[in-house]
Amino acid sequence: MVHGIERPLDLLNSAKGKEILVQLKSGKQLVGTLLAFDIHINVVLDSAKEVENGEQTRSYGLTFLRGDTIIFISPSAVKE
Amino acid sequence: MVHGIERPLDLLNSAKGKEILVQLKSGKQLVGTLLAFDIHINVVLDSAKEVENGEQTRSYGLTFLRGDTIIFISPSAVKE
Amino acid sequence: MVHGIERPLDLLNSAKGKEILVQLKSGKQLVGTLLAFDIHINVVLDSAKEVENGEQTRSYGLTFLRGDTIIFISPSAVKE
Amino acid sequence: MVHGIERPLDLLNSAKGKEILVQLKSGKQLVGTLLAFDIHINVVLDSAKEVENGEQTRSYGLTFLRGDTIIFISPSAVKE
Amino acid sequence: MVHGIERPLDLLNSAKGKEILVQLKSGKQLVGTLLAFDIHINVVLDSAKEVENGEQTRSYGLTFLRGDTIIFISPSAVKE
Amino acid sequence: MVHGIERPLDLLNSAKGKEILVQLKSGKQLVGTLLAFDIHINVVLDSAKEVENGEQTRSYGLTFLRGDTIIFISPSAVKE
Amino acid sequence: MVHGIERPLDLLNSAKGKEILVQLKSGKQLVGTLLAFDIHINVVLDSAKEVENGEQTRSYGLTFLRGDTIIFISPSAVKE
């Protein structure tokens, strides 16, 4: 599963089209399908939903997220 | 709907002329029509309105928003 | 009114000589006449006045504002 | 009074040798005579004094101020 | 154990494939296996787990961490 | 006393070898003898002492201070 | 003792292999042996220990510290 991750952005590249969990500096979490990202870690999610305490509290649909508001991104956390 | 989003800014480009929701780091949200943006994610909204708990609390009309104050931008959240 | 806004700074350019409202990250708002701005969104206001809850609380006259302290600038909010 | 302000730094240039009021992000204000500034808005004040609620609370004399700690600078506020 | 650390990133290089502890600015700690990092100190952890007061509170699996959210990284703290 | 201050760093240059007061963003103040500084306003103090409410609370001796943690530096405040 | 400190980084260079105290923006202090640093003031400490109110509260061993989380570094504070 971790084959081919030489640089950090390789993980984001392999997560395109998959569900990811995004932890924001504001304390909130978003889940959604990763459509695109750039070197600033700006990302576009499809079907973005806000999550609080494991529950989805609001839907945003297609969403552009500024990279400097992100703490971490986990492609595998959504499925656990 | 997600065709053609190769890079994050493609979503903003496709949202020009449409209503968007902007989540600010300050905790407030603005809705308005996206007129322009640049690589710093500075944006210009027309008919900008402040939203708190789903209610519009103040109108600002034409508004220039600094990109570094933005958490996320969603073109589809307004319609849900 | 929105003709000719191709890039975000076009709005500031068209607001030169007019009254604008500036929302600061500190939570305060300033109103004043926009005299000058640069690409950092540093601005100079003439007849700058601090506004709290819609009331003018203090006059500063000619004022230089650092761009990185600004959330948004609205040329039309003053008149509403 | 506002003649010749084409760019924001023009205001600081015209304020050299005059008293200015500096609003800091920390919430405090300093007044003093502007001796020098640079493009980072680092400034040197002579006879710098801290002001709280309109009263001078402490004298610092010659003072170097980092630009990134400043919200606004007003050459005219001191005299009002 | 400290042989060969000429530059700070040498420590991260020697920790590849090993368990590390990451202290975040948010106050939380993550532990996981270091797979990759870059000059921004963006890192990818495998089997990332959140730790509070020495107890693992949540598993994230493969995780991309933005470098600007990190205070320190310790490859040896996990084993103590 | 203010002769020769054309640029802000001129003040720091003229303060080398003298006692300075440094106001930190954290709210604390340090006093010490300025040994060196660079364009980031990183400074080295000798005989650095922490000051709270005008009293010296702790000695640090030779100390390297990151420039981005500084609000202001005053060479003359120490003697007043 | 202060001979040869022309630039701020000279102090860090002369402290290699010695114990240093690092004051973090988070309010915590770390002590440890300085092994390496770079121009971002990223540092590697050996035998890093967290200090609160003068007492060592936790050991981290070899530790990479991001420069932008540091307020000051003192090579001499440890011995006082």
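Going in written order, the chains are labelled A, B, C, D, E, F and G, and every chain counts its residues from 1.
Here, contacts are C-beta pairs under 8 Å (C-beta built on N, C-alpha and C of every residue); 3 or more make two chains touch, one makes a residue touch a chain.
These figures come from a predicted structure and were not determined experimentally.
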Hey, what chains does subunit B share as contacts with subunit E?
-> A
Would you mind pulling out the distance in Å between where the CA atoms of subunit A average out and where those of subunit F do?
-> 43
For subunit C and subunit F, what's the span in angstrom between their mean Cα positions?
-> 35
If you average the CA atoms of subunit A and of subunit B, how many Å lie between those two points?
-> 19
Multi-partner residues of subunit G (each touching 2 or more other chains) = 68
Going from subunit F towards subunit G, every chain in order around the ring = F, G, E, A, B, C, D
Per the touch rule above, subunit A residues touching subunit E in the complex are 1-2, 5-12, 21, 25, 27, 41, 67-68, 70-77, 80
Hey, which residues of subunit A end up touching subunit B in the complex?
-> 24, 26, 30, 35-38, 42-44, 46, 48, 59-66, 68-69
